[in-house]
Amino acid sequence: MSEMILTLVTFLPAAGAAAMMLMPRNDRIIRGAALLLSLVTFGLSLYLPIAFQSGQPGFQFETNKLWIGQSIHYHLGADGISLWLVVLTTFLVPLGVLVSWKSIHDRVKEFFVLLLLLESAMIGVFLSLDMFLFYVFWEATLIPMALLIGMYGHERRIYAAVKFFLYTMVASVFMLAAIIWLYVHTQSFDYTVIREAIHSGRVSTDALQWLFLGFFIAFAVKVPLFPLHTWLPDAHVEAPTAGSVLLAGVLLKMGTYGLLRFNVGLFPEQARQNAPWIVALAIIGIIYGALVALVQPNLKKLIAYSSVSHLGFVVLGIFTFTQAGTDGAVYQMLNHGVSTGALFMLAGMLYERKHTYEFREFGGLATPMPVYATFFLIAVLSSVGLPLMNGFVGEFLVLSGAFQQNMIYGILGTTGVIWGAAYLLWMYQKVFFGPIHHDENRSLQDINAREQISLWPVAVMALIMGVASPYWIRTIHPAVVANAGQPVKTAAITATASGHK
Amino acid sequence: MTDDTLKLWLIPLLPLIGAAINGLFGRRFRNGMVAAVALLFTGASFAWALRAVILGQHIGLPYNKALPFDWIVAGTFNVPFGFYLDQLSTVMVLVVTGVGFLIHIYSAGYMSHEGGYYRFFAYLNLFMFFMLTLVLANNYLLMFVGWEGVGLASYLLIGFYFLKDSAANAGKKAFIVNRIGDFAFLLGMFLIIQNFGSLNFDNVFSAVSKMSPETGWGLLTAIALLLMFGATGKSAQIPLYVWLPDAMEGPTPVSALIHAATMVTAGIYMIARSSAIFSLAPHALEVVAVIGCLTAIFAATMGLAQTDIKRVLAYSTVSQLGYMFMACGVAAYSAAIFHLMTHAFFKALLFLGAGSVIHAIGGEQDMRRMGGLRKLIPVTFWVVTVATFAIAGFPPLAGFFSKDEILWRALQAEHGGWILWTVGIITAGLTSFYMFRLWFMTFFGELRLGQANHGHDAHAAASHSQGHAADHGHGHGGVHESPWIMLAPLVILAILSVVGGWVGIPHAMGGSNVFESFLSPAIHAPAETAAERGSELVFAGISVGVALLGFLLAYWLYYLQPELPSRITARIRGLYALVLNKYYVDELYGRFFVKPLLALSTVVLWHGVDQQMIDGTVNGAGSTSKGIGNQLRRIQSGNIRSYAAWVAIGGAAVIAYMTWAVIK
Amino acid sequence: MVHQALFIFFGLICVAGAINLLLQRHPINSALSLVVVMASLALIYLLLGAEFVAAVQVIVYAGAIMVLFVFVIMLLNAGEEERTRGSHVALVLGGPGVAVVAGLLTWTIVRMDPQLGGIAIGPSDFGETHAVAKLLFHDFLLPFEVTSVLILIAIMGAVLLGRKES
Amino acid sequence: MNPISATDYICILPELVLAVFGIIVMMADPLLPPQASRKGLGILSLVGTLAAIAAAFFQIGYSGSTGWFGMVRVDSFSIFFHILVPAISAICILSSLEYLDQQNIRSGEYYALILFGTVGMALMSSAVELVLIFIALEISSISTYILAGYRRRVASGMESSLKYFLLGSFATAFFLYGVALMFGATGSTSISEIAKAIAGKMNSGESMVLVYTATALMLTGLGFKIASAPFHIWTPDVYEGAPAPVVALMSTGPKAAAFAVLLRVLFGTGTAVASWQWLLWISAVLSMTLGNFGALTQSNVKRMLAYSSIAHAGYLLVAFVAGREAGIAPAIFYTASYAAMNVGAFAVISHFAGAGERFVSLDDYAGLGRRFPFLAFALTIFMLSLIGIPLTGGFFAKYYVFSAAINSNFIWLTIIGVVNSAVAAYYYLRLIVVMYMREPVTAEPCEPASPAMRLALVLAIVFTIYLGVVPGRIMNFAQQGALDLDSRQKSGVIVTGLPAAPALVTPAR
Amino acid sequence: MVPLSWYLILSAILFCLGAAAFLIKRNIITIFMSIELMLNGVNLSFVAFAAHLHKLSGHVFVFFVMVVAAAEAAVGLAIIIAVFRSRETLNVDRVNLLKL
């Protein structure tokens, strides 16, 4: 089982998608099949955390077979970092299917096929331990996502899809160049082998800086880090709901995952040398994203910019090289997936009713849609980082890590707490509070049972993850420590009087 | 794990269960059911708290127990779900559950005609949960949970009438302003983590206690200042007090519970809790004292001109919180907590009384339209009278003792004690004046309900009356006394406002200051310097005199010659406008922080950087590429001869290169 | 000496014919100049002892191919060349291009001259048809056979392209 | 005694098969009524190409033998192309079946020409003698000249043919001049003899000027055939005017064959890599850049793919730059992978073009994803492969090429290459975007694809994906071909073991 | 004794004159003729080298070149005729429908 489980989880959706392609165009059956598949995948993926030996730093459930030539392997494995990202992915996809239930009524089959293909690719990205395989999956996420945006998006969908595709594509070729270079000089694509080669000094230091940058660009665009973020608002605004959910929930995490796994994992020295400016970009991202979010007239755009801000926290955490910072960063990845995923799902539900995301069309919706408003509030609070909600734990750890590393980082990063509250509450107010300006809004339907079913899991997860964080961090921590290569800075344990002297 | 006899975690958990039940299913409940659930769980919480307090006295305080699972773990750093009961939290937990329970009862009546009944109680219970978490936490982060959580509850409750823009704005403002404070609180915690590796009170304070007082600006001062800045947000001190007056948009019981009795005192509690740190950071204490003292007088002056009954009380609250801050600043933590407690009684009473008044006259909040209610709602009148005299500082009511304690301790402060005292005493006078102004305007003279607006302040009045017309849409046949479910809590609170101060009668007045000695194990404060009995009595006399002065002035202006104030205000129009408009602080904040920030975000960041610089660059690169492409394509002239020329020149180049290569 | 003189003579005729091809504006004149070039080349081939090639040059090239050209010129009734300004690039780039190619080739050849030496022709059987035939039908049998495919294509193509539209 | 043995015939067996089928088709054509569909002939030629592929497989058993007095050589290299080229033709024939009827072209010579052209292309890869190469080149060229002009009713069709013909002949003259000089410099036109002579000259330090001038001239001629900059300019015009299935053929078949010749001329003769490395470097960069930038704003799909083919020639040249050890196998692999995707793409285009090829503008593709899901899907796969998205042949082709370049330390070339392929993504993507994300503008009646077309597309897709998922076997084949090609092995100069994977031998530095 | 280089130079001159003619002439037929001129130049090289190297294969090459030239001529002239039919001109500068 544990040999096959990763393969199964990775390719089940794709296999299902292939089967669905051959199925007749009966929308109801297609939807049902997609839901079933994604749920089965989710169920299977739950085996991972259950069987995972937590506390072990290395990779588990490994499977390693020769694929192409002598050096390209089909090598999958999960550690405490990727484990949860996979589960996050499989968790969000069924929700994505549910929220697309009614909103997608044209080319339904294609939609769900693409969605499932995307799922496979995303899972593959997190599980690949062969750099070549990783790149393959990495690029493979691109097409389904671009098509989802371009085929099922809104008015400017083409612009957004092309922009999304090109940004990522252009950036990832640098990563490809770096991967090839590494292969040529280490004779291997295997992550662990390359890591070993670099750490033992078998690759020249001059080259490492360039390789670091090659990987960095690819991931920075995906995160997205300021100033490479402008594709994100467009992509989000135009994407269909499920697309936005997965884009924000998982695809962006691929960037931060890459930064952690490759930039930090492979190049610990370079990561530390480059940390100052990367952290600076992350902090700019936090503040900048928040400030721009503050003035957006469009619900989805606001959430998109909030992602820029939130992912800034993650990058900040990763590049603090502290226990708290990196643990928090990984945890924040999961949190952001849940909370922003929820926000996008909610935004999509509103769109189904109003066919717009502009704030001026909303206002006072808490009266006609109280249940919806409540779920929205939970998502907002989770995003704001209210204690006992998931967002807080990650944010707190990241910021305390940043503070330990450098007080200025901590202080600047922490201002994000203020901005976050400002734009999210502003958003909430614009949508739900105040008098109802548009009469047609009085008769808006509150969310139905299906929509509630899709929202309950995220709402519950947001709470559970806010209260029971050690459950996750217990597995994340050893992996993060192992990944960092060098000992991470530990929090001062000296609770003595001379602590500060 | 040894057995957890007190099960402190039940105290916050019970209201949370209530909140969850009402929140999830309340929509389908009848109002009575909703109220029953809310009261049951709050009452149970109160009962359990009492049990814990009593048991705690037996098994000895402090009692510190964590749940078997941690909340946050990251490497060596961990934060437990730990609960802590000592004398300080005893006081707080009793005040919170007790007053909270009373206000729940009151609300059951007050809110009975409102929409969203279940929502209200769910929020209120949620508030109780967070507030109790705040006071019972055994570490800063869990305290922060409560800290932020009460902010959330406050946000929700202020925005309860969310159809009004003003209410929604006020809620948002409260949350964001509080977040600014929380920002500092977080930084303070980071400093603590960095230096002490833990956020548990035990660890931190035991580490701190081994340190010597800082003479200059050191680590402890920094931590203390950051924590203090956090407290200024929650406790509505300068410069972050601006949210509290606006918070009066919420239903009146909310104002009573959250914005008078409990939540706003969290800052005071936090400083008192951190007394170990503050006591070693004298500079930070000085700052606390100055801020408290300034806030006290500043808010009091603003209270003078307000015409909205709840706003007067709000400024009064800010002012009283300033007192408590000042007390903390002179290391008189127990005095601060004492005042916190008595204030909780009488200010809650005042708010509830005001609510009863508003309820009685159909939602009107403008005092200029009240008057003569003394006879119409006698019970309300009497309880408010008690509270008014209490806050004004007339012995032997609760306010007298606590306020006197603070002033006395301020006078003894190391630096600038006289100044603090002087400001404090002036504030006391002002407080007395505006409270009696309120009292006279509301209960004496003629009922002016339905009279035309006075010219100025039309905006505020209009928005309020409009709002409440909607809220209290149930027609009032006439002015009527509130039902007993509302009056009973008032009476209880009135009694507490009378007797509440007796636990802290100073030695000078023949008491034994039970309160202070009770609290002392939980507080790291320098021992009180022994002062002569006589002078303490003299100063107490002065403060009573000042209170009397305020009363007489109010009596003159608002009872004897009610037309006089408008003449006076006409004479000093500028100053009056300044005070009436709260010194234009909100406008200043708007002008200098909010607007520039929004403009910066929109014009510079969004349009400028995002759209023009970044997208512009990218799109520019795109169109440049296309332009280059179009230029390059012009090679493709379609003319065969030119194509051959390319082949020829290419061939020439190839031959030239290779000839050169081989010769080289 | 005689050889040299003959070479120079025919060589000059060749070049003159080629230049004339360039200068003449009527295609017929150009075609005739080309025939002149080919004929004198045939004589130069003879100087090089390539009898068979010389013969084929006259028969196939000058005789068959050029006749075809002339025939087409007549068929299409091609008149004098227009002096259109089709493309500057052709001259601006092509002129230098060709000049550079010519220069480089000449330079290379001149540079190689000492190694190359001269060609003395004697009355040998070198270039005699029999020898050529042996080579053609033995060593170069495959190319020879393959040319049949080429010719097949050419015929087919000519027929196809010349066929009237249906 | 007959000097010609069975082995000799086996050496040209695929060509023989093709020629025979070509003649049969040619002969059968007049027997059909003038207005009848020539589908039967098409199927016959299809059988011919398949038979040729079978013959090529049969040749595997005779790998290493030469025939016809050292004129042709059967080895992995030639077999690779002997399979590839008829396969290309087969798919082109499949996609032509429908096209000819659609365009109302009723001539069986079309198929005969394809078959004869295929003979030339196949021979180009197996010939090891420059004159035979030249003749083979001419066979493939002349047949494509004619095929390019098959739309005689259309002025642009004839113009395309004329341009291709005139410029092609012009370039061939350069090639031929190169052959002449090479003959003069080395005394032979046989590749192996030339290699020996050059090795000898190198050892003795004799002047190599003439050799390199000859190589330069041949490069010019071949550069034209492979459409690398600056000899690429004819491509867009010719591709635009020629019938789409013919473009499918001539953008892949003769190109693959010309690359085979180029490999022979550059690596087979043992010329010093350093002498032309930087030249090809420049040419590669120019080709990639000019091709991609030219394609950016093209709205005519055929023309866009023409520019793209220039760019792909550039990528291919990158492999040449990478040099002997690293570059040959990737180059061979690239030709196959490019053939699979490009033939497929043009097949789709030829279907959509409609009668008279009226619908070749980008806008005409709007909404095709909805109207013809399968065709749009197929075209999407080909576009993705052209972009170089993983799991398609195009990706591995590029990957191997760039690996080779990095292996030989051409970092900048690699970077220029990858950036170029990123730029290229834009215009390929545009086609996908238009098909799936725009609504149909006109509801032009367009027939659903015929079974033959579907088969052609399925084959192309299968190959494209096969090369993208398990490229190992083909790559091994290519590596074997590279070994066989390399002159130094035959002349016993070096070569202990070529890298198992491309470029992979260099020890870790 | 005629130096080989004389022949080669003559051949190069003919080749380049042919190339120049290709670039200069406007009449398609003349342009085609200039290609023939280039081929003739190449042939001269072959024959000269054959004589120089005493290798008859050079003569065979010339023979093949002529065959190719003949085939090209057949096809080329057919194409030219077809072009003339569709465009009514032989001026190469007027055959530029396809561009950019």
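Just so it is clear, A, B, C, D and E label the chains in written order, and each chain counts residues from 1 on its own.
By our rule, a residue touches a chain if its C-beta (ideal position, glycine included) is under 8 Å from a C-beta of that chain, and two chains touch if they have at least 3 such contacts.
Model, not experiment: these values are computed from the prediction.
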>> Moving step by step between touching chains, how few steps can get you from chain A to chain E?
In response: 2
> When you check each chain against chain B and chain C, which touch both of them?
Replying inline: D, E
> Which chain pair shares more contacting C-beta pairs: B-D, or B-E?
Replying inline: B-D
> Compared with chain D, which chain's mean CA position is the farthest off?
Replying inline: B
>> Taking each chain's centre as the mean of its C-alpha atoms, which one ends up farthest from the centre of chain C?
In response: B
> From the C-alpha centre of chain D to that of chain E, how far is it in Å?
Replying inline: 26
> How many angstrom between the C-alpha centroids of chain E and chain C?
Replying inline: 6
> Taking each chain's centre as its mean C-alpha position, how far apart are chain A and chain D in Å?
Replying inline: 43
> Quick one: chain A and chain C, Cα centre-to-centre, how many Å?
Replying inline: 71
> Mind pulling the chain D residues that touch 2 or more other chains?
Replying inline: 131, 135, 138, 142, 145-146, 149, 152, 162-163, 166, 170, 207, 209, 213, 236-237, 423, 426
> Which residues belonging to chain E are in contact with no fewer than two other chains?
Replying inline: 8, 15, 18-19, 22-24, 26, 31-32, 48, 52, 57, 60, 64, 68, 71-72, 75, 79-80, 82, 92-93, 95-100
> Can you list the residues of chain A that touch 2 or more other chains?
Replying inline: none
> So which chains end up touching which?
Replying inline: A-B, A-D, B-C, B-D, B-E, C-D, C-E, D-E
>> Per the contact definition, I'd like the list of chain B residues that touch chain C in the complex.
In response: 635, 637, 639, 641-642, 644-646, 648-652, 655-656, 659
> For chain C, which residues are in contact with chain E within the complex?
Replying inline: 3-4, 7, 11, 14-15, 18-19, 21-22, 27, 30-31, 34, 37-38, 41, 44-45, 47-50, 52-53, 56-57, 60-61, 64-65, 68-69, 72-73, 75-76, 78, 81-87, 90-91, 94-95, 98-99, 101-102, 105-106, 109-110, 112-113, 116-121, 126-127, 131-132, 135-136, 139-140, 143-144, 147, 150-151, 153-155, 157-162
>> Per the contact definition, I'd like the list of chain A residues that touch chain B in the complex.
In response: 167, 227, 229-230, 233, 288, 291-292, 294-296, 323-324, 327-328, 364, 366-367, 370, 374, 381, 386-388, 392-393, 396-397, 399-400, 403-404, 410-411, 414-415, 417-418, 421-422, 425-426, 429, 432-436, 467-470, 473-474, 477, 481, 488, 490-497, 499-500
> Which part of chain B faces chain D closely enough to touch in the complex?
Replying inline: 622, 625-626, 628-630, 632-633, 635-636, 638, 640, 643-644, 646-647, 649-651, 653-655, 657-659, 661-663
>> Could you list, by residue number, the parts of chain A that touch chain D in their complex?
In response: 67-72, 107, 110, 135-140, 142-143, 146-147, 150-151, 153, 157-158, 161-162, 165-166, 169-170, 173-174, 176-177, 180-181, 183-187, 197, 202-204
